[in-house]
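Data block below; observations after.
Read from first to last, the chains carry the letters A, B and C; within each, the first residue is number 1.
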Amino acid sequence: MAEKIAILGIGMTKIDGAMRDTKLDDLVFDAASKALKDASLTRKDMDGIVIAACDELDGRSISSMLEAAPSGSYLKDEIKVTDDGAYAVILASLRILSEHFNLSLVVSWCKMSEAPVSDVMRMRWDPFYHRGFGLNHTATAGLMAGAYLHKYKVSEDISARVVVKNRQNGSRNKNAHLQKPVTLDEVKASPIVSWPLKMLEFAPESDGAVAVVLASERKAKELGRQPIWVTGFGWAVDSYYLGDRVLYDSPSLRIAADKAYKMAEINKPLKEIDVAEISDFSSYHELIAYEGLGFCGPGKAADLIRKGVTENKGDLPVNPSGGLLSSNPYTAAGLFRVAEAYLQLVGRADGHQIPGVKKALAQASTGFCAQGNAVFVLSK
Amino acid sequence: MKKHEEAMTLKGGWSVEYNYAVGPTGSKFFTALKDEAKIIAPKCPKCNLVMLPPRSFCERCFVPADEWVEVGKEGTIQAFTIVPYFFESLPDPPYATALVMLDGANTAMANFVKNVDLSNLKEAAKKLAIGKRVKVVFEKKREGTINDFHYELI
Amino acid sequence: MKRNAAIIGVGETPFTSRQDYTNPELSQQAALKALEMAGMTMDEIEAVVYSMAPAEFLGVLDPDKWAVGAVGGLNKPFMRVHTGGATGGSAAQAGYYHVASGIFDSVLVVGADKVRECKDSQQVLNTIWDPMYERQFGLTTITMAAYQAVRRMYKYGTTEEQMARVAVRNWANAMNNPSAHLKGKITVEDVITSPYYSWPIKRLDTCPSSAGGAAIVIVSEKKAKKLCTRPAWIKGCHEIANTVFMGDQMGGAADMDYADWDELAMAAKVAYRQAGIVDPLKEIQVADVYAPFTVTELAIVEALGFCRKGESEKLNESNFFDMDGEVAVSPSGGSLCNNPIAVTALCRVCDAALQVLGKAPPKMQVKNVKNAVATGIGGSFQFHTIMVVGSDHN
């Protein structure tokens, strides 16, 4: 990449279950304020704001109307994307690379506790061909998991071990929603939500907000900072129609990762990346992501699990933060991945810090069964 | 582009219920309304803007606004309208709403204006003109919502 | 060194109340039209920006995902942009930044809406307001326009007749635009006697609920010079977000009055500076503006610098803003005659670009357009977009 994007600071609220005492506006203000403070900058310094939210989960039909102010947007050039907070990083980066912007605040949030989540997800399917038979986000994920299971015949222990790993990691992250580890038996014994996926194999529904301050390379140098750099990013999307997709694989993730790796000059991700924060909406999402990200060949994700490669002590720790399986503020989940990757690089991941991180990867997804994917490579 | 003669229609819908967290700022405001028949407003510690409807921060200065002041129970109309038309799920017409700057506040807050004869729109519009004074009338039975009060022309 | 980008293809479906096509199908129709004008195939497009505002009108959420295949987005970088009514303007700007970043040579910005798919759009537009403090009073976009009209009447003595003239001109202009939803010869009397929705806003002061799709193709300088003899260069663009609270824009402590659109003037200043425009009235021949209500156009033309605050009412009584006047305002009929919310602001960009490309429908085409400006508006008259397109670049 000709020019890199600098991350000057981040702000995260605690991620939790129903935060009944906190209005959405205040959650957003908290994250935005924290990020500015972390970057030692003020709202005045920002020349652009990019936000990411889902109206229907926010229960506000143009969510940015009410959330632009707490995102710091008053009389600023503000724009909103809807896919995921990580996509706001993409658009903000494009704006910075165009040289029209130098300092941007990126903010994303979600309070799943306020929304009728399943009904919102049901309404994302078209009414003609998909809505007639009970498809929501969990049922659709079941179709994906079933396809992977059929193709590669993994035992239920494998996907359960993803959950055990991530929940164990979450128990070390004081910011995570779920901070209690679970055992293999508990996962396997949890009720089936959408075969073959069991309840504990799904991410919870969480509330949380996160913000990141981005700068152009020139501005970061001008400010005399030693920032973390976004050295590569890529994004791509698959077909909407499940029957058109190869559900046990993720071509859009492959394409997104290839673009990010090319920009960041990464040839062997498993070797060159020190930690990865990926979007494990379900246990199988993580398995499929290993393959899409090129950590292993097709059908070999189970090997990585068996050998403990993605455990904290392994060659490539995945989701030391606990991932989505521990914290899932849906629309903001991908931006939390970027923020967690950042924390690993600056050595501020406290109880869940992986030692010696120089290069980190963050992956976000959008749509059913990760129809769309975005990948970022971050470096010291 | 050909038009389909027998194009079909499919009926559908969704009924969505949300559980909005009101937050400490709103809760304080609604509690004062309900329990004390008072209108209180947060003030920005930097620019002193007294803000209604209440919010927990000043968007101009981007700082938390946690000082509270009580505002007057009378105010001045800043904008108004009268709706004689029926819209799905909205109140039965006719109704009048106004953005009123209560004495002591720096921003105007919306509510119904209820004591105006709305049968002749032009006449009603004259009565509700910008600059006219209104008073806050608290409902006898209050529930801690924005409908705990309304405006009436003085 | 900032990179140049140009619009070389534009596509709009005809807009009507009801369309017997799905959102993806309408998007595709518009995309194919834009690609045809650009002389490109879908495969040549490197990235897609999907323009979609509230999806509740449509009743299918995240319809951008549904439309991926229809607009050639498969396997490509794809994102949706949503800033309420300003969505189309924001999406166009996002598309511009894709190309100006240097990463992409060609981007398709596309979308569609079917506002009448639901029973009553204002039912949805009531839910954009704060759930605790505002929705309870039947607030809609129409009451919002009513508040602005009342402020203008107070500040400038605006009359309903002066508002009506805006409708008369836009409807007449729309007769030259095959895409426009509403069009015809109406009189001030027709407007004045149409039923009140929310005093003083009447039916003919109000935009329709429209259905249809729009698309633009934005390419890099190298590609523009190769494919197009007269590209519409994107010379300047900016967005600005005001406070959501209408009541914060009234009275002594307000940064600006709700009667005016000072924030659009701020955005215009930035866009004009980028475009090298010093005297808007002299240098801009066409302004295709997002005025969903007659009264909003009065504020817009002042914010764009064509006249001073409070002057537009009087100027509307002359031919100042007509096709043959000092600056042609909304020769397409603008948003007053066409409002497919998800892409309305994109249509403004389409119609402004057509003028510069010299490819507008013959009677809609203004002569010798060097610069055209397109605006967008969203939220409680909160989000403003502006884009300047022109026949030369910096």
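Criterion: contacts are C-beta pairs under 8 Å (C-beta built on N, C-alpha and C of every residue); 3 or more make two chains touch, one makes a residue touch a chain.
Just so we're clear, the structure is a prediction, and the values are computed from it rather than from any experiment.
> Of the chain pairs A-B and B-C, which one is connected by the greater count of C-beta contacts?
Pair with the higher count of C-beta contacts: B-C.
> What chain lies closest to the overall centre, CA atoms only?
C
> Counting in whole Å, what is the centre-to-centre distance of chain A and chain C, each centre being its mean C-alpha position?
33
> Could you give the separation in Å between the centres of chain A and chain B, each centre being the mean of its C-alpha atoms?
From the centre of chain A to the centre of chain B is 38 Å.
> Mind checking the centre-to-centre distance between chain B and chain C? Centres are C-alpha means, answer in whole Å.
Computed from C-alpha means, the inter-chain centre distance equals 29 Å.
> In chain C, which residues are in touch with two or more of the other chains?
Residues 59, 130-131, 243, 255 of chain C each touch two or more of the other chains.
> At which residue positions does chain A touch at least two other chains?
Each of 56, 59, 69, 74, 120, 123, 127-128 in chain A touches at least two other chains.
> In chain B, which residues are in touch with two or more of the other chains?
12, 14, 18, 20, 22, 26, 59-60, in rising order.
> Could you pull out which chain A residues touch chain B in their complex?
18-26, 29, 33, 36, 42-43, 56, 59, 69-70, 72, 74, 111, 113-116, 119-120, 122-123, 127-128, 131
> Considering only the defined contacts, which chain C positions touch chain B in the complex?
13, 20-21, 29, 59, 119-120, 122-123, 126, 130-134, 136-140, 142-143, 146-148, 150-151, 154, 195-201, 243, 245-248, 250-255, 258
> How about chain B: which of its residues touch chain C in the complex?
Touching chain C: residues 1, 3-4, 7, 12-14, 18, 20, 22, 26, 30, 49, 51-53, 59-60, 78-85, 87-91, 95, 97, 99, 101, 106-112, 121, 124-125, 129-131, 145-147 of chain B.
> Which of the residues in chain A come into contact with chain C in the complex?
Interface residues on chain A, with respect to chain C: 2, 49, 55-56, 59-62, 64-66, 68-69, 73-83, 87, 90-91, 93-95, 97-100, 120, 123-128, 234-241, 244, 251-252, 255, 259, 366-368, 371-372.
> Given the complex with chain A, which residues does chain B contribute to the contact?
Interface residues on the chain B side: 10, 12, 14, 16-26, 55-57, 59-60, 62, 64.
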